[in-house]
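Quick notes on the structure that follows.
Read from first to last, the chains carry the letters A, B, C and D; within each, the first residue is number 1.
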Amino acid sequence: MALHKLQVAVAGLGRMGARHALNFLNSVPRAELVAAFSPEPKELEWAKVHLEPFGVTLYSDYKKMLEHPGLEAVCIGTATSVHAEESIQAMDKNLHVLCEKPLSTTVKVCQDVVDHAAKKPHLKVMCGFSRRFDASYRDVAEKIEAGKIGRPTILRSQTCDKHDPSGTFTTRFFVAYAAWSGGVFVDMSVHDIDLTLWYFGSSVVPKSISAYGVVAVQPGLKKYNDYDNAVGIIEFWDGRIAHYYASRMMPHGQEDVTEIIGTKGKLTVNLNPQKNLVNYYHSGGVTREVPLDYWGRFEQGFVSEANEFTKACLDNTPVPLEFNNAVKAVQIGAWLQEALISGKQIKFDESGKRTEKSNL
Amino acid sequence: MALHKLQVAVAGLGRMGARHALNFLNSVPRAELVAAFSPEPKELEWAKVHLEPFGVTLYSDYKKMLEHPGLEAVCIGTATSVHAEESIQAMDKNLHVLCEKPLSTTVKVCQDVVDHAAKKPHLKVMCGFSRRFDASYRDVAEKIEAGKIGRPTILRSQTCDKHDPSGTFTTRFFVAYAAWSGGVFVDMSVHDIDLTLWYFGSSVVPKSISAYGVVAVQPGLKKYNDYDNAVGIIEFWDGRIAHYYASRMMPHGQEDVTEIIGTKGKLTVNLNPQKNLVNYYHSGGVTREVPLDYWGRFEQGFVSEANEFTKACLDNTPVPLEFNNAVKAVQIGAWLQEALISGKQIKFDESGKRTEKSNL
Amino acid sequence: MALHKLQVAVAGLGRMGARHALNFLNSVPRAELVAAFSPEPKELEWAKVHLEPFGVTLYSDYKKMLEHPGLEAVCIGTATSVHAEESIQAMDKNLHVLCEKPLSTTVKVCQDVVDHAAKKPHLKVMCGFSRRFDASYRDVAEKIEAGKIGRPTILRSQTCDKHDPSGTFTTRFFVAYAAWSGGVFVDMSVHDIDLTLWYFGSSVVPKSISAYGVVAVQPGLKKYNDYDNAVGIIEFWDGRIAHYYASRMMPHGQEDVTEIIGTKGKLTVNLNPQKNLVNYYHSGGVTREVPLDYWGRFEQGFVSEANEFTKACLDNTPVPLEFNNAVKAVQIGAWLQEALISGKQIKFDESGKRTEKSNL
Amino acid sequence: MALHKLQVAVAGLGRMGARHALNFLNSVPRAELVAAFSPEPKELEWAKVHLEPFGVTLYSDYKKMLEHPGLEAVCIGTATSVHAEESIQAMDKNLHVLCEKPLSTTVKVCQDVVDHAAKKPHLKVMCGFSRRFDASYRDVAEKIEAGKIGRPTILRSQTCDKHDPSGTFTTRFFVAYAAWSGGVFVDMSVHDIDLTLWYFGSSVVPKSISAYGVVAVQPGLKKYNDYDNAVGIIEFWDGRIAHYYASRMMPHGQEDVTEIIGTKGKLTVNLNPQKNLVNYYHSGGVTREVPLDYWGRFEQGFVSEANEFTKACLDNTPVPLEFNNAVKAVQIGAWLQEALISGKQIKFDESGKRTEKSNL
């Protein structure tokens, strides 16, 4: 008799949702993907080929999927705008929830979901920050914990996407996407902010936040008050600084780099991005290729995330990632975005309360 | 109704066998691990914890396992000495076979297995050379195919294991292992030889073979006519050279490097070995860690191997790796080992026939 | 008959002055070091051994040195506080001047020197920014010029010194030095600012300037309003951003890194600092060493600087570095330092005029 | 009164000679270049512009140059065929000698020069092996001396030149050059052999020597019994192995790599060749350029060589490089070349005496 496997459904079968579905189907031995939902006929067509034959029941109605017999957990990979609502609906059905980041682009809504989860302490609820499951970032956390760099003091982190200069789908997509993404700091730098909370501790209190941006290659972003290159700085009250760079203009591929400077040492992650272990020597020099997107960099992290979430559900152990951070990271991202748009510094007292009115 | 999954058994649950079993159990969505065999009580104890709960039937008798109802394929990860016999027995039961390398340390026995397989063309029979399934080596193959380096002319390849200077288990293991491993060129360099057959083409004909070795850190190897560091060169009749280095003395970890120099470009794989994407900056400089063993380097390759073998069985497509190469690689390894022990060059005519008597 | 060599004197024989003197003595074939000045007996002792035997006349009085028969040029490497005065005195004697950076820590004084030089157009007057003479930075300038990265848009540059955790000389030196160095942005980042003027063009107009710092390892800095780690951002009116990091806390050595991101490509300089071409493989991984100070990184740049200044004097060609930049770089450094100390953003209108009162 | 400077002449003003002349003229503060010789009118034309104006007397007759008043030392950079004769003539005039490698392509002639020098112990006589003066190779020597890698056991070293696929001057030059260069192992690998004598000790005794080559891109080499790619192995009696690769087919530039594997650690030099510290990120990945020739890699080494030779002459200290090695390195190179051409292994007894007749 086989051991019980977690009965999982995936909501949303777009870019991220489909990847989550395939991960739960193929790479999470302790889970069984039993159901999948999408409101998009096109996505359901894809699922008929790639999921249904493997015993996955397809739904075009999210609420109906939640009624799937024996369902225990839902992985939410739909559009950000419905993350919160779907998470709450799943919790109301007493289902564990793994929700793709961010819970919402609005801090208040994020907080609602976290508050809701607090009322259901028997449920495992997690917001997916894939870097938390990446072997290199974990190695850094262990080395910091072991005291190898003294006190982490300066954190520099960047999330940089490849630019598609042909002006085709991807570019248009990102411009349209800006309308509801929450902006470059909420959409992209939220990962760097989450790393900050990890390595500096989630109790850090901002003292001031500033941010600056330019629109260099995607003029369409302007009407959404967004930027294709942005730099932000956060001063914390305990004598630390984090600074971020987000860009959608990289020519060579995905380049997510993090550097943590301590009083006794320094650690870097992915300073020299690479697709694989090949170097090509030619008349122009020596060239290595770079992953084209975040999937090329973090695929294994997503697999670990799904496995660890499954383990927490089955074994009733804590999820590996404090749920409350999901609010804090979005809150900081939103402040950075506000500073970016207003061009004005935001200040906080030592309790974390803003000392000026919103600039917007 | 779920699609049919390949019913697989794994033979041998030692270091490699256990890894194969876990791969088929957890990382091969189209396969179902239904049975496992080991003659070792200790290995079966392990399997009771890690395999049996997931529906895997355990056997201490290989032949009985072959009778497991519905069994379709066997993955053989036992000691090299029984690879050939077990492969043949499985084929006689009309089971597909994925056999860990090498089929045998004896060329004749390898050839017997290949001949046997030739009589069962409906069966998928594959000898596992993990590097064939590694993303970087495959990228190299594609770039060569695309003409990026002109004609591949010089191949340098090394398989280098970490040395355990404490003289504990690993070291003693490798010394004892030398008694029946076939020697450093058959045991280690066989991977580099296989890469040569891949990148130069499997029809290359050796013109001469030379090899030299030293015993630098494991004096016990001498009584087995083996070495802990060895260099070998093969000249081919079509104007190409391959040279190999095998070592069990690396201080820092596993370091398997390959360099292919063509008339118009050069490609390297893993010239700068690395465990992950972290660099540590300290008062002594900048340090990166290195995988400690082949598993740290090739884990994903083994997963791909199992998946592709499964696909070939289920879809009745060719296995991705010509079975005959398994004989050829061992043959060349054995010649290198002979040259190493005798200290004499081995020569061949253009048809590949040796032009002198064996030196041993 | 040998060609005429430029008759050069060096003022100041401390850390930098001595290096300039040895460069002019040994590595500038078209110059002849004829005189050297220091107010410090200890430095003159050094000069008696290392300069005097090679025909260099020593002076303890700067003005007397300026009267040295046949003198044509002075290289000023004294303390920053006398750079301006000594430069003007030399110009008044119609001598060419190569002055170590900065001309002064005060913008007004810098401007005075530049204005003075403007009245003596027959003289070659140059402020030494060593990176302008470094082969890698020049390669970057050429690649930008050639259009390889499109429009340079984001510049990240850092000047990071090795920290001496023993609390001995170097540390105490830097703390005391902070009293008159102009602060971390004037002392260290002035190089990064100069690179910005080089790669973005010297006509860029700041829109806003912000900066933040921490005192992490040298508490003594606080009383001088200085910091051992500082981050600064400059927004420019033409849609570009430069951000800087300065640190005196590196554990591993000197690490001056520059990254220039354009609309079509990216260039980095010294992303992976290294002392030489050696890698050391040991049980902890693979380690490379890093230059311990700026001299280990830029020694060749200083040699080129001295040679090119000499050439400009002898051949009456323009100096390779616009003198006016020396004011502009210090001005921007001073603004960054003001923003750092005040914690307030500084803003400018499109003509470059400040739109608020000074925050200090 | 200035200190005495070594009065130096340079013989030969071709590719290497001209570089030596400019080094002594510009970068050796304790030497004065007083004379230069070339038999080639074209080279003398060059010298009239670049040397004569700086007080260098030009000669078209080598013997007359040796009579130059006050001459103390000669740097010989003429064609290899006259190295020996000119060295002996200079010694006969009691002049110190720095001779470009090799002394001769014939072992006997090399030995004659060394024997001749032995009769003039008051003279400083040195054969220039530039890598001995390179900072990275010296760092390796110090680390070995400090015991950082245990006993050096395996040495891999390669000298690889850029290939000029246009078939223009360089290529034709190298083909013609093969007629009198002594072959690829004497001409190129002699540097790698010298490194072996340095790191393993000059008393190592070969046990066997084998070598193999191909002609891949320069068919004209065949008639001179030479190869554009060659691999050689030397076994030493004390349980060490050196293996070499020489190539004139690199697409990307000069690539001289050395790897020394000891019983406790490993060191590499120039594993990742680079022209400078710039990386260029573009749509094809990340590219770094590579020095185009040995000068791009070893320029500073040649400057150090000239300075240290000068110091030894002036201060009457030992030259930094045992003269006898110059014979030993050529001898080993010649044996490798013999093994390459004959395709047969050469063997030696423990005293270093050959145990078979020459194969040629």
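What we mean here is this: a residue touches a chain if its C-beta (ideal position, glycine included) is under 8 Å from a C-beta of that chain, and two chains touch if they have at least 3 such contacts.
Computed from a predicted structure; not experimentally measured.
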item	value
Chain pair with the higher count of C-beta pairs in contact (A-B, B-C)	A-B
Same-interface partner of C-D, chosen from the options A-B, B-D or A-D, over half of the pairs matching	A-B
Whole-Å gap between the CA centroids of chain B and chain C	57
Chain A-chain B separation of Cα centroids, rounded to whole Å	39
Touching two or more other chains - residues of chain C	165, 250-252, 264-266, 271-272, 275, 281-282
Residue ranges of chain A touching chain B (in the complex, touch as defined)	1-3, 25-27, 29, 53-55, 135-136, 139-140, 143, 148, 264-271, 275-282
Touching residues (chain side chain A, partner chain D) in the complex	165, 250-253, 272-273, 275, 281-290
Chain A - residues contacting chain C, complex	149, 151, 153-154, 156, 165, 208, 210, 212-217, 229, 231, 233, 235, 239-241, 243, 245, 247, 249-252, 261, 263-266, 271-272, 343-345
